[in-house]
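Before anything else, here is the set of structures, which you'll find just below.
Same chain, two partners: chain A is paired with chain B first, then with chain C.
The block that comes next holds the complex of A and B.
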């Protein structure tokens, strides 16, 4: 395959991955806020959050694979799997590897949520709040198009969207008035099961 | 019998929402595929990279500053062993 196409695909897939990941974070916050309307039922947010998260992984894989197989960059698979092992922009590429591996951990534990329990899943899911900024920093540090006007506009929209969603999450009062009771009940059930 | 109507309405609403989820997911997936193509073209237009002739001498064809792609442009070994047309590209992700 033409090296040029691989390089452009890496950059295109990286941009799309950032947009998708930001969408996943916003949808995740919306589902935790139990957002719904007459035309948008709550399970649509949850379902879309899950589906877009899986789509993000596919495009991140495309971003990584095209970067690794590009013969010009000769990054190697080790650089794609082990953080800070790359000869090229060690720190910034390392951040990308960390963000990807955090996302893998979040996705796998979400799929195995029934096996690991709600508390463990929730604790690991909080890592999303670490993964997203790490991914954004990776883009700023090593992205070829970082300082292009169109990429800056995309970065700005993504950062604003996530900032607004997270602010709403922090400001909003607990949407479920029975949340404490539910948590207590869940704890009792978990204790009974483990006995 | 009177209770079945609200249930039917709920079932229909849920089915409609399920269809909507499928449609929106497919839209996101196709949009993302189109996005890779679109952003690939835009990135190619803004920072096309570096072309090298068969002697290994490089000449920048970039229409913008392309400052972030400089680290790989300095690699001369791969440029020399690139495709038959003698064109190589460089840059980060």
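The block that comes next holds the complex of A and C.
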């Protein structure tokens, strides 16, 4: 295969992954905020969150595989799996490996949520807040296109979107539409238990 | 009726069997140990609470985790509105249930037993509490009678555990399941009272005896609550593998013409009367045939009744019994129930019938417990068996959707 095509694919897929991952984070925050409107039902948020997340993994795989097989880089598979083992941009590339492996953990536990239980899933899902910034730093540090105007614009939009979503999450207590009904039901089935 | 099995012995009219009569009739309680679990395994006994899970496997999973500190919950909450069999069993044979609970505790190495009995079932509570008073002190030390709140989900295994732990009878997310971490974090066996009573007899008579009670390759007997359009509604004990026709004959036969049979309970399903008669009531084989014995409900709907109205009422009950913990269950069942009610009133909104088909698929599997799944399975059976009625109701000119 043409080396140039591989190299362009690595860069393109990396950029697309960043955009998709940021979208996933924003959608995740929106779903925990229980965002909805008349034209945007809540299941749309969770459905998109899940599907865009899986799509992100596809582009990440493309990003990594094309980088590794590119004969020009001589990265090798080890560099893609073990953080900071790459001779090339050791630190910045290592960040990418960490972000990717965190995402794998988050995805696998999400798919196996029924097996591991809600609380374990939730604890691991918090790692998203580690994975995303590390991925952004990886892009800044090692990106070939970092200082081009269009890439800066993409970075800026992604960071702003996530920042706004996370701030909204920090400020607003998500409304619980079931709180009143749940309280009413609980009252019905609550007793003082002596055993 | 049967001369061997749970309801063998004195007739219904004799009331609860005393401890002395119980021991005189059946002998002392045998040992509860690892060998008993193997016997239960071989007997083919499956749980009678609704899920038909093999009893031996369940006991083994608690026994292997227990450090002598496991807990047994004898589940007699019986929140299913059509079911009477647990109440009847506890009111007539309380000592058989208690024997089963003690055997389970010994076999899984538990040091506490909670008798979880529906608070609305007064005669069962009275019989169980009187039975406890008759028991030797060594037994009573381990036993506690705990009235269960009257609600549909209170008898769900995690809800029972949650109630014991926190006094709130609502289901909790799994895992962990009760056999991993239940009461006070200890491995906990939650077993229906009928299953425990069967175990008490199997411990005495052996697995071969239990298997020989069944028919058509099924094992043992089962308690059924027969209701609806039959001459003599009530609780009957029949060999597993009996046909629905045989059960209906025991209940005095159908009044009028049967249209359909509700099998399993509110979380079971409708079967058209044409197909129902020859179906074998075998808790193990029914799931493969797309049905479920559930908690042993056989309820007959006659031609005079409106199947849509009856189905809508059941959906409404299930929607009201959602613990409001999971959105898809609470909102989903409410929407399904409202649309079904509009169809039953023959005043549907545009799209109600297609919505029922779409929404059932969207609700399934999205609750912490199986409550929404059970409700959806019930509604899907109604949509199938009463397809023409639903189609006719949907075609009725109704008000426009806004």
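In this text, the second predicted complex is superposed on the first by the 175 of 195 C-alpha atoms of A that agree within 3 Å, B and C clash if a C-alpha of one lies under 4 Å from a C-alpha of the other, contacts with A are read in each partner's own complex, and residues count from 1 in each chain.
In this text, a contact is a pair of C-beta atoms (placed from the backbone, for glycine too) under 8 Å apart; a residue touches a chain by one contact, two chains touch by 3 or more.
Just so it is clear, the structure is predicted and the values come from calculations on it, not from any experiment.
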item	value
Which of chain B and chain C A:118 touches, first, second, both or neither	second
Which of chain B and chain C A:185 touches, first, second, both or neither	second
More chain A residues in contact [chain B versus chain C]	B
First (chain B), second (chain C), both or neither touched by A:100	neither
First, second, both or neither for A:150, with chain B first and chain C second	first
Partner chain in contact with A:3 - chain B first, chain C second, else both or neither	first
Common interface residues of chain A - those touching chain B in one complex and chain C in the other	43
Contact set on chain A toward chain C in their complex	42-43, 115-119, 177-178, 181-182, 184-186, 188-193, 195
Complex contacts: residues of chain C adjacent to chain A	112, 114, 144, 146-147, 149, 151, 154, 159, 163-164, 167-170, 173-176, 322-325, 327, 330, 362, 368
Complex contact set, residues of chain B against chain A	13-14, 17, 20-21, 24-25, 28-29, 32, 35-44, 46-47, 49, 64-69, 71-72, 75, 78-79, 82-83, 87-93
Contacting residues of chain A [partner chain B, same complex]	2-5, 7-16, 19-20, 23, 41, 43-44, 47-48, 51-52, 55, 59, 62-63, 67, 71-74, 88-89, 93, 96, 142-148, 150
